[in-house]
Amino acid sequence: MRTDNRNDCELREISILPDYTKTAGGSALISWGNTRVLCTALLESGTMPFLKNTGKGWLTAEYAMLPSSTGARKKRGTDGRATEIQRLIGRSLRESVDLIRLGENVIYVDCDVLQADGGTRTASITGAYVAVRLGIRKWLQEGRIQEDPFLHQIAAVSAGIVDDRVLLDLCYQEDSRAQVDMNIVMNEQGDYIELQGTGEGRGFSRTELDTILEYGKTGILTLFALQNAAIG
Amino acid sequence: MRTDNRNDCELREISILPDYTKTAGGSALISWGNTRVLCTALLESGTMPFLKNTGKGWLTAEYAMLPSSTGARKKRGTDGRATEIQRLIGRSLRESVDLIRLGENVIYVDCDVLQADGGTRTASITGAYVAVRLGIRKWLQEGRIQEDPFLHQIAAVSAGIVDDRVLLDLCYQEDSRAQVDMNIVMNEQGDYIELQGTGEGRGFSRTELDTILEYGKTGILTLFALQNAAIG
Amino acid sequence: MRTDNRNDCELREISILPDYTKTAGGSALISWGNTRVLCTALLESGTMPFLKNTGKGWLTAEYAMLPSSTGARKKRGTDGRATEIQRLIGRSLRESVDLIRLGENVIYVDCDVLQADGGTRTASITGAYVAVRLGIRKWLQEGRIQEDPFLHQIAAVSAGIVDDRVLLDLCYQEDSRAQVDMNIVMNEQGDYIELQGTGEGRGFSRTELDTILEYGKTGILTLFALQNAAIG
Amino acid sequence: MRTDNRNDCELREISILPDYTKTAGGSALISWGNTRVLCTALLESGTMPFLKNTGKGWLTAEYAMLPSSTGARKKRGTDGRATEIQRLIGRSLRESVDLIRLGENVIYVDCDVLQADGGTRTASITGAYVAVRLGIRKWLQEGRIQEDPFLHQIAAVSAGIVDDRVLLDLCYQEDSRAQVDMNIVMNEQGDYIELQGTGEGRGFSRTELDTILEYGKTGILTLFALQNAAIG
Amino acid sequence: MRTDNRNDCELREISILPDYTKTAGGSALISWGNTRVLCTALLESGTMPFLKNTGKGWLTAEYAMLPSSTGARKKRGTDGRATEIQRLIGRSLRESVDLIRLGENVIYVDCDVLQADGGTRTASITGAYVAVRLGIRKWLQEGRIQEDPFLHQIAAVSAGIVDDRVLLDLCYQEDSRAQVDMNIVMNEQGDYIELQGTGEGRGFSRTELDTILEYGKTGILTLFALQNAAIG
Amino acid sequence: MRTDNRNDCELREISILPDYTKTAGGSALISWGNTRVLCTALLESGTMPFLKNTGKGWLTAEYAMLPSSTGARKKRGTDGRATEIQRLIGRSLRESVDLIRLGENVIYVDCDVLQADGGTRTASITGAYVAVRLGIRKWLQEGRIQEDPFLHQIAAVSAGIVDDRVLLDLCYQEDSRAQVDMNIVMNEQGDYIELQGTGEGRGFSRTELDTILEYGKTGILTLFALQNAAIG
């Protein structure tokens, strides 16, 4: 049994509160166990310099932990870990929109961690998807975009190996002594969008990888349902 | 009548949710009209370099707006306005604690604006006071500080002049066309801790100043009651 | 009696040397007791990005202390205190010019402290007013601006509380142990442009505020005369 | 057939020149098709701040492209992509050494790309392994480390999907239009150390993943042999 | 004849005002034609990290132009040119003091250009020498240093080629169209401390170099006398 | 005799490998004793902002040491020394091209030190000349520039004083205890382009300068021949 009595292939309790912030086009406050991330999507007219006059838009993401989101205060500013995470979030969410139908606009996704207890990057991707969908709905209503750029539903979950056992959705306590940690991003067709697995202290075999991927798929199906309920 | 039907000397609706964040020693989510600020207090052992071996501690503050807290996305990072605000927050809150009784510890106050509709700096000070008080209670229980450093209750409110009329507690719409804006920080003895008033487009007379200060005092008495209820 | 034998409501010896720098449009070297600030005003064609095509200009200010201006060498670069001060200088001086009559030009005010003995921010504002007036005269002669944008005379002074006594114009020795310090910026109509008061170690009562404001007004009348003499 | 006549599961021509730089403890110049990376390992006494007095050392990596390594000159400095890559290199190589046996020392791995034609991150990991092994040999001889910290052989290769076909070891021309790109890091036991796969424009199925992993394993066996020959 | 009627081998009018700043250990305001530089020397106890426990001190220099020192406002901050100049000033002045007799102290030389009309780096070196000598005298009196570290008198002048004619001490107008510009730093023994010559648009022959060096020596003899008069 | 048995006026063994990097327009790997520098030249269309619409181009240079190029790892990033060196390289190489014939293009010269054993700045200039010449040849063939902008052959060497003896081309061991170090840049007409000499611990007399310049000229004649052979 895990410290919080979950089964090996069980997610923590997750809720997604849509439209948390009025100032953003779309927003979602995702609570995932004790992890809490405010995900927002804002639209700005005009595209990135490298896409000028292509008719194509872009989606970019920023990820930050509030200083008080961990017990030991975290200094503000983008360190290497945050850079790596926000690039992952951006790449993943870009697969959810058709950048040509978006037109020369940029969607800014911001994921701000209010409280961290493991799994902030997968919570960010899962919540940001909701924020982007809600934003698109609003921008279409406001006439800021002409065509619906929606392409794919995207969600993310982590799975790992602790004490040589595969577990779904590690909390911080588990994550801090994990031997393997893998982040899985999938679309609604069951295809992988991103796979990022790291062994620490040991590698992982092909058989272990198979179990990790199986557990991940199970978790993501639940997340798809939660996202759809939040979007309404 | 004001756009939201308030009287000239009436505050917006304010609520203070204590202990919003588990990771911080003390925290408070303050909602002040549509302005929402997450205020937290963390304790770190060891004092600032310039106080080493004096037995004295310090309290310092940081203020930031989330990128999505305003309609036009705000870039991350500390600009001149944020610098000015966080220095004001720090100076004000330092009057609430006895730095000698605090011992060689530093209290980090973080005020992160989740949604901005005017008055974020006074909301930050008012909410941060609650976070600091809750933090002190916890640090005493945990034995991280030995003596209660609490000194003064502190709250802050703004008042200004719009269309040549003095108004308490400007929302963003009022603030953006205000002729005068003043931030008033007071302690429970009714003494001023900080006064910061700015004329824009015109100055303000001694008579107008008198009204502004009178309105401010009224507002702060209400805030003291809300703070005390939140601390419990 | 104060350390330099001044009365409580007496300014230090002040002189303003106009046109100190030939390279600047307008300049003034202000000596205020042992405080010495070089204030300059330069004009650049083209306005700030946020004012493009509005026909409006801007005035912005920078404040810096030379490394050798204090006994303990000050590192170059803009720290929080300098940011706060230069924002105050900029806001104050902007009230002296009509930004529409200025046209799409920017006035750069630079206040460089050659020697610091308290009151550098009020000396900066008072001296910069002279630099701006001299600059305007020159830019009109050179045809770089078409209309005289002059609006209000502006001067600044500090007053504070030391040993529970209100004093005008604190020198460094007084300032370093002051309980209250207030900066007062006024225009020639006797209206306040900026009020910034801070209690340190204790607050200040309404009665004390009244005395501070009274002393401040007296000081500013003297400064107006000195400015006018320097401008000629 | 691929543009350079390789089979789908064939590596480009690869050579590893050991001891290229005399100033580094260990070094290797790896040529992988037209990609050329100078990999070096330096030892510094004293460990990272977070490991002080634990008896444990660390291995950290930096990755940079020379400005002239691509046709369009690359600005110096660490951008998001380089941050992501150097974190991957560091994590991978840390699995090759026992940080406790290393003692309180830090191994600095530097991977500087002299010429880039795709696959610079896998070339960096593969070459850096050789530099680290050569460095260890030298530091043991010089008595700078007491015990051999070597743990695992590590190599890396990429595989991807182009035109819906799985290909091993993409050159730049293939990489720039790849639908999927995966980096595979393995140890000598055939276990995965890192897996990083990204779909761009489409996801990848479980079946495609299986082929990618199979091709990757084949490539890595060849790399192990090349590494061993270079180390001698 | 030159624009200001000087002979080819004639310096501009130069004056050195000692003890301009009370806050610095030593200071000199040097006026050199229209160029005006405030040179100061401050002493800090404790030496540079790389000299810890060697008993040796250091002298370091910073050079900056005030934004208003040129007609086109100069942005604050150290650019490449300022870096090059302050390194030259530091190297030159270090030859004037015995770093061992200085003990574990650092002399900070600051050269701030109030007004620029060519020759700011040579004015800085020449004025800074006076500031350092006055500082040493004061620090000896105050007992902050035990032994007189003075070693060599140092002064600097520029000479160049304009319209194929060798000229001593170029003003800005001459400098901006110079074909060759050379800075010469000498000690009281007539030995070169630094020579920095640059051809722009053409090189310079050995014969021209001879004339430049001859003119430079003449100028420096005059500067030595002015320095000695200022030091008294 | 010198440590490596060279005569006082003898260069170390030098070889220049042209076209080392395919991605650059021109490149040369220069080995000068144990010093090894990769010099490259890239062309970008469009000139510097300050030259817009003048029809004139520019040449700019960057210099960096790889972290592993010295035994004690060098942190990445441009420090004061690198700034000084790259400005010297840029100024020197600009004398080799006619900026008007170059048209509105910029030549970026990059000098990356792979291994350092003294003389990296003179090796950089000497090698970069070859890279620029090879680049020009290629850009003419590709039609990226219309006219041959070549003007002057440029090479650089150092000479110094060690143990009161003048020596040509100091290696690191000699350089680290040199009393005088001078860098000499010459063109094919035997004219000086740059002279930079520094005394450390003592100055240098006119007679010593004469010997230094004579030795330098001898060395540069050899370098011209090596450059021409590399260019072919």
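The letters A, B, C, D, E and F name the chains in turn, as written, and every chain counts its residues from 1.
To be clear about the criterion, a contact is a pair of C-beta atoms (placed from the backbone, for glycine too) under 8 Å apart; a residue touches a chain by one contact, two chains touch by 3 or more.
Computed from a prediction, not measured in an experiment: that's the story for all the values here.
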Lowest number of touching-chain links that must be crossed from subunit A to subunit E: 3
For subunit D and subunit F, chains touching each: none
Mutual neighbours - chains that touch subunit C and subunit E alike: none
Farthest chain relative to subunit B (centres taken as mean CA coordinates): F
Subunit B and subunit F: spacing of chain centres that average the CA atoms, whole Å: 59
Centroid spacing, where centroids are CA-atom means, of subunit A and subunit F in whole angstrom: 51
Junction residues of subunit C - those touching two or more other chains: none
Chain contact topology (line, ring, star, complete or other): ring
Direction subunit F, origin subunit E - full chain order round the ring: E, F, D, A, B, C
For the subunit C and subunit B complex, residues of the former touching the latter: 80-81, 83-84, 86-87, 91, 95, 152, 182, 186-187, 189-206, 209, 213
Complex contacts: residues of subunit B adjacent to subunit A: 21-24, 27, 34, 38, 40, 42, 44, 62, 64, 66-71, 73, 76-78, 108, 110, 112, 114-116
